[in-house]
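Take a look at these structures.
Look for chain A in each of the two complexes below; its partner is chain B in the first and chain C in the second.
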Partner chain A sequence: MSFEQKLLKTIRALILIGAIFGAICLWVVQWWLTHPKKQPIAFSHKIHVGQRQISCFFCHTGVEHGDIAGVPSVQDCMQCHQVVANEQVVANERPEIQKLTGYWERKQPIEWFKVYKVPKHVHFSHKVHIAFLAKRNPDALKDPGKFICAQCHGDVSQMSTIAAPVGTVMLLTGNANPNTSMGFCVDCHHANGGPMDCTACHR
Partner chain B sequence: MTDPKIEYNWEGTQWGMVVDVDRCIGCEACMIACRAENNIPVVGAEQNAMGRIMDWIHLERYYSGEYPNVTAQFVPMLCQQCGNAPCESVCPVFASVHTTDGLNAQVYNRCVGTRFCANNCPYHVRKFNYFPPTWQAPLEQQLNPDVTTRKSGVMEKCTFCVQRIRKAELGARMDGVNVSDGQLRPACVQSCPTQALIFGDLNDTKSAVSTYGRSHRAVRVLEDENTDPHVIYLRPEKLDHAF
Partner chain C sequence: MDISRKEFFQWSVVTGAAVAFAGCGIPPHQALVSQLELPEYRLPGEAKWFATTCQECAGGCGVSVRVIDGRAKKLEGIPQHPINHGKVCAQGQSSLQALYNPDRLTSILKNQNPSQDWNEVFKTLASQLNAAASNKGSMLWIADSLHGTTGALMVLLAERAGAKICVLDFQSTTAVRTAMKGLTGKAELPYYPIRESDYVVNFGSDFLLSGDLPVHYAWSYGEFRQGKNRDHRGVLVSFAPRMNLTVSNSDQWIPVRPGTEGWAALGLGNALSALGKKGWPGWATSISLESISKVTGVEPDIFERLAKRLLLAKRPLAVAGAENGSYSNGVWNTEMIQKLNQLLGVPVQSFEPNLLTTLPGQKGIPSVIISIEAAVSQFQKGKFESVWVLETNPRYLLPKKLDFQGLFSKVKNKVVFSPFPNETSLLADWVIPTQTWFETWGDRLIRGPFGDSNKVSTLYNLQQPVVAERPGSKALGDILLMAAKNAGASFSKELPSSVHELVKSHFPDESVWENMLLRAGTWDEASLDWELYLGDNTHPLFPPPVVKKEGKSPSGASAWNHLDKPEISEAVEPKFFGEGQVLIPFYSPALGDGSSANRPWMQELPDPLTTVTWTHWIELPMSLCKQMEIERGDVVRLVSESGALTGPAYPSPALHPDAVAVPVGQGHDHYGMFADHGENPLSILNPVWQEGTGELAWVSTRVKVEKVGGKARMTTWDERVNNYPKDLMPL
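And now, the complex of A and B:
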C-alpha cells in the first residue's frame, strides 16, 4: 500500500468516527431538550380540573392574593385524599395515591419539579394579572381556570401532565404555547394596555 | 446659535427626592437600608480600597474652617435620576433607559458591561460588578426577593427603589386610586432618622418634594451640566461651602 492510500484510509476512518460521534451527540442533545421531566407523583390535572371540576384557586392558594401561586402542601392533598380514593378496596389500583400517603406518613414534602419558570430577573405577580382579567370580564371568576389561567397556562383541564417547554427549548422555540417568553408577555401587554416600562418586570 | 439648554417637560408623575443637607447627621442609616433592600454585594476591604465599593448611596463629607472651629457637612449622594441623563445616550444596548415616570432605569439583563455610562456620569454613582457578587454568611439568607441579584459584568445604581414604586402603583391601580404623597418611601427615606430625605411626585404641586423644591434653598448638583436632575438638595442655611 502506498503512502497516499494509507493516508486516504486514515482520513476516511476519521470522518466515519467523527460522523458517528456527532450523531450520538446530536441524539443526546435532542433527548435532553425534549424528554419530559418526571414528577415524583404522576399527578393529573385532567382528573382534578377536568373531571372533578376543582377550581385552580382551591389548591394554588397564593394566586389570588400574592405574587406566587404556590403548590399545595402534602397536608392540602391529604385533606381530600384521606377519604377520596384512599379506601382499601381501590388502594391497590391507585399506586400514585399510595405514594402520596407514603409521603404523608413519612412526614416528607414532595419535591415537585417546577414547570413554569421565569428567569431570575423577571418579577411576575399573579395577583395583579388575575385582578385585571377579572375586571375585564366579571364572569371570569366563576370559572377562573377557563377564563383567567388558560390565557397563559393553556387548557390545563385537558392535560394529564403539564408540559410547558422548559429551559433551552423555551429559548429555542419561544413560540410554544403555553410559554413564558418575553415576546408572549409583551404581546399581551401591548394589546391590553399593560405597562410597557422595562421596570414593570425587570428590577 | 441655539441655546444648548433644552427644556424637558415631562408629563404625569415624575418621581423625585429632596435631600435636606442641614438635617443630615451623617449616620449612614440610609446606606445600610439601601444595602439591605437592594441586595448590594459586599466586596471586601481590598476591593473597597480600589474604589469598587457598591453602595448605591454614599455620603460625601465636606469640612470647612480652621481647627478648632471645624464644621463638617454631609451630602448624601445617590443617582440623580437625570431627566436628560448623560448615561442613557452612551449605552449601546439601551440598558440605561428613561421611564415615563421620570426614572433612569437600569435593565440588568440587557447590560453588557461596557461601563460607558459610569464614565459619563458626573455624579459617580454607577457601580460596576467586577466580580460575582458575594455575601458573607448569613447575609445571603436575607436577600430581597423583589430585587434581582446582579451578576458580574453588570452595571447597577440607585433605582429610587423601583420595586417599591411599582408595588405601590399596582396596589393603587387595583384599588382605583392614585399613589398618595408620602405613602411611598424608598428604603433610605424610610430609615433616615432625621427625615433629611423626602420622596414624592415632582409634578404634583401639593406634594412635599415640590413644595421643598420651590424653596430658596433648593439647588441641584452640577445643574450647569444640563442633566436636569430629579434630586433636589436644600443647601445649608449658614454654610454654602458644599454647593
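And now, the complex of A and C:
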C-alpha cells in the first residue's frame, strides 16, 4: 500500500471515528437536555391533581381561551398557600412551600424548566383542541385531566414530577417527546378528521 | 487521485453523516415563567389593548397600547379620536423606549447615593414645603408643563407653599399666548383649520412636526391636500428663514431674514390693503413695500402677486407658530400674522391643550407662574431656599452664560424629579425617580374646535396605566400628594392620597367611569368599535361593558391668563447680538428639545431634510460655503459672544444666507448611554429676554463661522455611496 493510500485510509478512519463520537456526544447531550430536570420547586401534580382533585383548568387558565396553557402566577399559588400548610411553613417544615413563599416575598417570578416544547415553526392552539375534545365528549369537561389533557400529556394525576415520555431524540429539532412530535399530531388528526394540510400548523 | 465506486460511496456516507450531525444544534434551555401576578383577564402570550392618552407633547392623542404578558409592545392611534384620528407620531411610538430604557432610575439618589427610603423623601419634601410656607417666595418649581389634574395639583400645592412655578420648554409658547391675549382676550394658542382652507400662507411654523398639535395638523394637512370633499388641492406657501419639514412640503418657499416673518405678514397686509381690503392698521399702511423688502429680503412684487392670489382664494389662512415667537419681537410677529387672518376675514380661533382640572376645595387658578427672566433674577439675588425641578432639564436647556449650574448649586435644597438621570440631576441633593405615562394615572383636558362642526368643545383625555409600575419609582403626582400629606392639613386638606382617586373623582358614576376606561376620553361619538381593541381575545368572563352612559368633560381653567395684553402700534424689528450669521437652533424632528436623545429609535431616525442620524450638524448657507470653501463634512466652529460649538458642516440650499442652523437635542453629557455625543446649540446662545414676556428669545444670537480643519463623519441616508472610502467604491 503506497503512502498516499495509507494516508487516505487513515483520514477516512479518523473522520468515521469523529463522526460516530460526535453523534454519540450530541445524542447524549440532547437526551440530557430533554430529560426532566430539577425544577426550582418540586411541585407535585400527583398531590394537587391526584389527591386534591384540583382541575387542570383552575391553574392553567389560558388553556380554554388561548393558544398557550400557561402556568399559574406566584400570586395564584399563594392564594391557597397563604393558608394551606402555612402553619407548617412557619414552623420551618415543608421546604418546597417555603421556597414558594420565598419567591413571593422577594417579588420574584419562578422560572420553571419547560418540559413540553413545540418547535417554533409549529403553531399550536390549546383552545382549538380543548374545544374539539369537549365537543366530542361533553362530559370530558367534568374531568379534563382524565379525558382531555391526558390525550397528549398523559395521566398527570399520577406524576410527582412532570416528565414527557422520552423516545428517540429528534435530531433536527432536539425534541425527545413523541407526544409533541409531528407523527403523533398527524396520527390524531387523521383519526379524528382534523385538518391535514400543512398550513394548519406550519404558519 | 483515483477513487473507486466503493470508496466514493464510503466517503459520501461518512462526510454526509458528519455534516448531518454537525448541523444538529443543541436546543437552548427554555424557561416557562410564572409571573408574579397575572390578572384573570390576561391570557398568556396573547395581546390586550388598553386605551390611554399619549403625553409626549401637548397634543393629547388618544392611543391604544398593545400589552402582552404585562409588556407594552406597540402604540396605535384610536381611530375615532377627534384629535389624532387614529394616527401616532414617531415621538409617540418611541415612548416605549422611555418606558423600557435601561438608564431609568431605579432608586432614589440622596446626595448621589442610592436609597430606597421613600418615607425619608416624603418627610424631606414636607419639611421643605412647610419651610417655604413660612417664608413665602423662597421656593421655586421649574416644570416642563402644567396640564390636567397633575398640573392642577402642582399649582395648588405651589400656592399653598407660597412658591412660584417657572415653565421651561423649548420652544416657548408664551409669546404666542401673549399675542393671542391681545387679539381674543384669552392667552390660548391659535388654532388653524388647515383642512378647511384652500390657500395657506405659513410664516415659518413647522406645524407638521413641532408645536402643540403635530398629529392633528398632519391629519388636517392630509385633508387639505387630498380631502374627499374638495374641488381642488390646497396650496401652501411658506415664508421662512429655513426649510423645515412643513416648509419643505410647501408649493413655494419664500426665504425671509430670520425674525422678519411678521414683517412678511405686514408686507402682505399692505399689499392686500392697496388692493382694497379694509381693516388694516393705519400705522402699518404707512410703511412702504420697499422698506419692508429691505427688512425681509423679499422683493415687493412677491407680496403683490401673493396678495392677488389670496384675494382669489375662497378660504385663505395665515399660520404662525412657536417658531415666530422665538425672536425678541416674537409677540409682534405672531400678532401681525393673526392680524392678517383678520384682514382676510378668517376668524381667529384658539385652543388650549393645557387646561387644569378643578380639584376638591379649589376655587379658581392661583397665579403662580413666573417667567424665566423673573426666575433667573430672583436666583441671582439668592431668594430661593428650595428649588424643585419637575421632569425638565434646565442645565441642558438654558444658555451656559446664565450659569444655571452656579445658581442652582448655591440653593440650600435642590430636588430633581425625573425618570432618568440628567445634567440637572447631577447637581441635586435629592433625585427622585418618577414614572412614564404608561405606568401612571393622569389626564389632559383640551378645549378647541376639533370636531367636524368646528364647535368649540372640551375633550377630556384619560391617561391610565397599561403596565405595572417600575419598581423603585413613583408617579410624580402621587409623590406630591404624599409630601402634602406629610406636610400637614394646610397642604393636604381635601386632597386624597393618589392621583387615581383625583382623576376618578371627576366621574363619580361607575358606569361612566367604566366607559372612560374603555375609550380613555369623552368624545361626541356614541359607540366604540370593540373589534379594533380586542380582536378575538374577548374573554367570556369579562365581556365588554355595555356603553351605558357618556361622560361629560369636567370643567377646566387656564393657568396663563395672567399674561399682559400687548400694545402694538408700530413695526418691531428683531434684535440679534453678536457678529455674523443668525444662529437658528431648531426643534429636532427626532430629538425634540433633547428629551428624546436617550431613545435609540429617535437617534436613528433620519432628519427629514438632511437625513442625518446619530449626530448634530451645522447647516450653512450655500453662499457662505462657497465664499469660505466649505464642503460637506468639514469641521467648522460657530463662535458667539457666549461660547463656541463645533460640528460637521452641512451646506444647505434651503437656508437663508443670513442664517446658520443647528438641531437641538444632542450634546448631553449625563443622559444615558445613547445620548453621549454631539453638541448642544442652546449652550452658546446669548441670554436675551423677549420683549413683553420675560421668556428667552431663543433666536437672537449671531455667530461667526470658522473652519477648524479636518472632516467629521456624518451618517446620512442621502449619499450612502460617499460614506464609504473612495477606493473601496470608486465612482
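The rule we apply is simple: the second predicted complex is superposed on the first by the 150 of 203 C-alpha atoms of A that agree within 3 Å, B and C clash if a C-alpha of one lies under 4 Å from a C-alpha of the other, contacts with A are read in each partner's own complex, and residues count from 1 in each chain.
In this section, a contact is a pair of C-beta atoms (placed from the backbone, for glycine too) under 8 Å apart; a residue touches a chain by one contact, two chains touch by 3 or more.
From a predicted model like this one, the values you see are computed outputs, not experimental measurements.
Of the two partner chains placed by the overlay, only chain C lies in contact with A:P72; chain B stays clear of it. In the overlay built on the shared chain, the residue A:Q158 is in contact with neither chain B nor chain C. Contact with chain B, but none with chain C, is seen for A:V128 once the two complexes are overlaid on the shared chain. Legend: residue contacts after superposition of the two complexes on their common chain; A:K120 is shown touching chain B, with no touch to chain C.
Once the two complexes are overlaid on the shared chain, A:N137 sits clear of chain B and of chain C alike. Chain A has more of its residues touched by C than by the other of chain B and chain C.
Shared-chain residue A:I15: touches chain C; no touch with chain B.
Overlap of the chain B and chain C interfaces on chain A comprises no residues.
Against chain B, in their complex, chain A makes its touches with residues 119-121, 123, 125, 127-128, 131, 197-200, 202-203.
Contacts from chain B toward chain A in the complex involve residues 97, 99-101, 103, 105, 107-110, 146-149, 159, 162-163, 166, 170, 174. Contacts from chain A toward chain C in the complex involve residues 4, 8, 12, 15-16, 18-19, 22-23, 26, 29-30, 33-34, 61-62, 65-77, 104, 107-114, 117, 171-175. Residue ranges of chain C in contact with chain A, taken from their complex: 1, 10-11, 14-15, 17-18, 20-22, 24-27, 29-38, 40, 43-46, 471, 539-540.
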